[in-house]
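Each structure below is given as structure tokens.
In the two complexes that follow, chain A is the common piece, with chain B as its partner first and chain C second.
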Partner chain A sequence: MKDAPGRVLLVGVAIVVVALAAFPKVASPYYTTLVLPAFGYAIALLGFNLLFGFTGLLSFGHALFVAIGAYSAAVLTGKLGVKSFEAIVLVAGIVAVIAALPVALLAVRYVRIFFGILTLAFGMLFHSFLFKFYNLTGGDTGMRVLRPTLFGTDFKELDKTTFLIGPYYYECLALLVVLAFAMWRIVHSPFGLHLAAIRENPRKAEYLGVRVHRFRLLAFLISAFYGAVGGAILGVNIGQADPELAYWTHSGELVFMTVLGGFASFFGPLLGAFTFIFLKSELMGATEYWRFFLGVTLAVIVIAFPRGLMGLASDAWTKAVRR
Partner chain B sequence: MTSFFDVLIGGVFHASVLFLVAAGLQLVFGVQRIVNLACGSFYALGAYFGISAVGWATAGGLPTWTFLPVLIVSGLVLGVVGLPIERLLRTVYKRDEAFQLLLTFALVLMFQDVLRFFWGANPKQLGNLSMSYGKVALGDVSLPTYNVLVMLASVAIAVSLGWFLQRTRHGRILRATAENREMAAALGADVRRIYASVFTLGTVLGTVGGALVVPTAAASLDMPVELVVEAFAVVVIGGLGSMRGALVGALVVGLTRAAAISFYAELEVLAIYLIVIVVLVARPAGLFGKPVE
Partner chain C sequence: MSDTALIETIGVKKAYGDFVALDGVSLAVAAGETVAIVGPNGAGKTTLVNVLTGLLKPTEGVVRFKGEDIAGIGPVLLAQRGMARAFQLVHIFPALTVAETIAVAVVSHERQSLRVVASLGKNRALWQRVRDVAAIFGLDGKLDSTARLLSQGEKKLLDIASAFALVPEVILLDEPTSGVSSGDKHAIMRTLVDAAQRAGVKAILLVEHDMDLVAEYSTRIVALQGGKVLADRAPDAFFADPEIVAAIVGKRVGRLAAGHTAGRAP
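What follows is the complex of A and B.
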């Protein structure tokens, strides 16, 4: 990172992090509470895009892992009395990796649309389990997620919103920064280059000695871990884990966010998560028919701007530099 | 014994519905290589529109018994929505299939609100109309005549679809295009027109299916997204792109669901996905599919 573009990037990231840290101080609590799910989705999408953008596998069932994260948080806080947020995040991630193993073992044999449909089937399998087994999962009402402690402090004196937009906000921001840095290292490691080779030409990669299935498997497990961490953040934020989190349309929203931001760029999905959350909330405030306008947005992005917002931004940047 | 019969008939009825939706999905995938998530939306559109069409027909003085032909015609007419949608999809034919899938997902979102706009958020149904055809007795079980008609209609559509694909000139050109697009185009097939007609035919299968079934079940806004995953299960079990697969897959899913509902209701949907996964482990390409890669 000694070169000039690297320095520009570092400065840019620092500005964004500082802006996010200052956000609760300047914006209304309402907008601050919107950033929280965006943190959750941003982390989930970091993992999702390792699979989609970097390995070339489109999962249409990734909400499965988000749901596992939220339900892990519900079971840990509500049933097992584990209140430490750090422990919840870690356990949720590990549970998701364990659950992802059989899914991945089967799914990595497939590519393209078959991979998408198979992951969709697993997501729906989990959804119907959550939905139908009322005694275990609370059925359609879901399970409550209780307020966790942050590094051993329970912040009892704060009411719910003050807790969420105060200490919880900063811990989630810190988590996002740490996990984004880890993902940056992953995609720029030899492992990440192997994944890119698999995406570009699996047969050639295999010929060169890349163990295609094993690398896809690893990418899948890492993405499951990220998905569950994001899901745990969402669960604590909503205070509830419900089966809709695992529904296939939620998986579709994850893909939507990623493409909106731009899957070809490392930061695209993060931008997509924030844009999507704000866009959705503004549309929901403005009209009863917000789904229609979300659909139109997605169609426009897919047809006219396949590289997403990041693609637009980088085109604008190139133009500006040339002048 | 009666309960076994109930399961069998309930399952076959559900299968005949699923077959229509899955057939549309298979046709579009087989020829255009697009997985159309909006196939469930077409089905719901057919169902809602069918209710309105029957309402208009009754208001216009047509006798009650005509509701079946009215439904069929309304489903066929509604198929024209396939044309502008195919026009929209045409913009991404050359792109990665992730984009094609996402565009159909955008359609799902849009249709959700189009249906809400025209027919409201509450489920709609056609009252007791389906019973006006009476009941037929099969041994010691009796079932509504209308349900028998739906099953027969589905079989008729399956047979004529098979005949069209296997025996007619258009069907052969269609299969040739599915096999090798460039070669078909080089030999003079008008791929553009074929794509437009295939997509419209796929749409018609969905809208007619929805219209046929709406007398027996309410139309709701959850229908499109619920149905599409079941249709997915059907095509994955049967093998993507195979018509015979759609038929067998629909029977497997329909019967499984009917059996699960009457024996252990919690497993209703779970059982279907378990079968999907078992089939994929044993036969990765589905029962009638071509091997992947």
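What follows is the complex of A and C.
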């Protein structure tokens, strides 16, 4: 987990943030609406990769928490009359942490495929709950997510798209920057070092006083929080919380994005989220066999570039600097 | 004995179904001792070590560390109370650097692991401590090397260095020189013993097959056979008894015993 030297990194991040901030001014509204889900996924993947890339636990049920975020947004805006987006994000995260606790208590005792299957099972369980409890969840039609207020302003004068690619876009970007910074601090803290020790060798870590189960649990809860925040962003963006959000293929997409971007790097999953969203959209527009081409892309990445796009980028960077 | 004993077992029995791995083992380790645990394969050494480190709960009997019951408390609590363990097979964190590996233990020892957003990189005191520990083991020139890329001997030293970074009162070394060429064995043992003294380690438990090392570095030898303590005596008395030596090391007895006696003869 080597990261580029501090100053280069800071400049790079600043350039990307400025570019993202300028994006709605230069790109068409269609492409700007594509960036919104990428913000949501990027935040969800920051959490997902704390578990996968940093702690060594691959969850196949992480869409569960994304769905909890979207449904929290639906219940809060639709049923409880809570419109504040800031409150929605916070409550969604807390609900996900509470829901994650029993899952985590069980799952952190297992690693590798057993952990993956357990998380997959819980994801499926939640999907059936959403699907079958029609009165509570709206079943297969899902639940509407109403437009939230941003810092108390409702922006009633804006139509839906203008709201989304205007103020909502910037609040989501700000949220991504803040949560990415928080995650950066987490993985570079003493706690983060102990997570890496757990990933590398849990038995050795225990003998060095690392509380393996407890820290896996903490990492799981943090990742659930991030997943739900991402889900709330998606829910507001779509205007709908749909049971498909919790379906296992959606969990698979989270894994896909992370591997595509590169799980060994902090920024890999973020790059993966943006690439995936644009790739999927372009492929869907170009061919009805888009799933096939996505599959091929994943296969090529895994075989030829196991460190993902970020690995490719950092190799290119290293070469350029040496020259 | 129990007043001064750091580690003490009384009548420890460990059975797996019908198979009895340990059968009434009583021993005590006091401060200042380096106690070697020896015995043929299947004598119960590993089981004893696992009981002593709180990994296994004995079927019967008591196991105490500093007067407190440690039966089955597990490695994390044991590390907190002051006992560290290094493994027979090298245990490293392959992708972490030498400095990071040692830092894992320093973070544990300084109880900083729950500092979730504190900057690890800016903790100067912590990295100074890491450099100090690395220097004891001659790893200070390799701080930024990835553990996976070290030589076998360096990996071994790193494994043990990280255990020392816990500042233990007692350290348990499970065949510390296994997998190391015979020429390096003494060098590694020498480093270990010196490091233990410098780090303030009060007692060393040593599981070792190489009787030359046992003879040279231990102050007492506990010989196990069939899950029972066959002998518990000082090296001189141990090697003076051909029957016991034969039971433990078999045919190599003549050379070793002779060598040892010769070495100590006035």
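The rule is short, and it goes like this: the second predicted complex is superposed on the first by the 319 of 323 C-alpha atoms of A that agree within 3 Å, B and C clash if a C-alpha of one lies under 4 Å from a C-alpha of the other, contacts with A are read in each partner's own complex, and residues count from 1 in each chain.
One rule holds in what follows: a contact is a pair of C-beta atoms (placed from the backbone, for glycine too) under 8 Å apart; a residue touches a chain by one contact, two chains touch by 3 or more.
Note that the structure is a prediction, hence the values are computed from the model and not measured.
Trainee: Superpose on chain A as described above, then tell me if chain B and chain C fit or clash.
Mentor: fit
Trainee: Once the structures are superposed on A, label A:20 by its partner contacts, choosing first (chain B), second (chain C), both or neither.
Mentor: neither
Trainee: Should A:254 be classified as contacting the first partner (chain B), the second (chain C), both, or neither?
Mentor: Neither partner.
Trainee: Under the stated touch criterion, which partner chain does A:296 make contact with: chain B (first), chain C (second), both, or neither?
Mentor: first
Trainee: Once the shared chain is lined up, is A:210 touching chain B (first), chain C (second), both, or neither of them?
Mentor: After superposition on chain A, A:210 lies in contact with chain C alone.
Trainee: In the superposed arrangement, which partner chain does A:76 touch: chain B (first), chain C (second), both, or neither?
Mentor: neither
Trainee: If you tally the residues of chain A touched by each partner, is the higher count for chain B or for chain C?
Mentor: B
Trainee: Check whether A:188 is in contact with chain B, with chain C, with both or with neither, and answer first, second, both or neither.
Mentor: second
Trainee: I want to verify one number. Taking the Cα centroids, what angle sits at chain A between chain B and chain C, in steps of 10 degrees?
Mentor: 80
Trainee: Pick one for A:64: touches chain B only (first), chain C only (second), both, or neither.
Mentor: neither
Trainee: Given the touch rule stated above, what does A:233 touch, chain B (first), chain C (second), both, or neither?
Mentor: Once the two structures are laid over each other on A, A:233 reaches no partner at all.
Trainee: Looking at the superposed set of three chains, what is the minimum CA distance between chain B and chain C in Å?
Mentor: After superposing on chain A, chain B and chain C come no closer than 14 Å at C-alpha.
Trainee: Would you please give the residues of chain A that touch chain B in one complex and also touch chain C in the other complex?
Mentor: Chain A residues touching both partners: none found.
Trainee: Within the complex, which stretch of chain B touches chain A?
Mentor: Per the touch definition, chain B meets chain A at residues 35, 37, 88, 91-92, 95, 97-99, 101-103, 105-114, 116-117, 225, 229, 232-233, 236, 240, 265-270, 273-274, 276-277, 280-281, 284, 292-293.
Trainee: Inside the complex, what are the residues of chain C that reach chain A?
Mentor: 74-76, 79-80, 84-85, 87, 91-96, 100-101, 103-105, 107-109, 112-121, 123, 126, 159, 162-163, 165-166
Trainee: If you look only at chain A, which of its residues touch chain B in the complex?
Mentor: Contact set of chain A toward chain B: 52, 58, 60, 106, 109-114, 116-118, 120-122, 124-125, 128-129, 131-133, 247-249, 252, 255-256, 259, 288-292, 294-296, 298-299, 302-303, 306.
Trainee: Which residues of chain A touch chain C in their complex?
Mentor: So the residues of chain A in touch with chain C come to 1, 182, 185-186, 188-194, 196-197, 200-201, 203-212, 215, 218.
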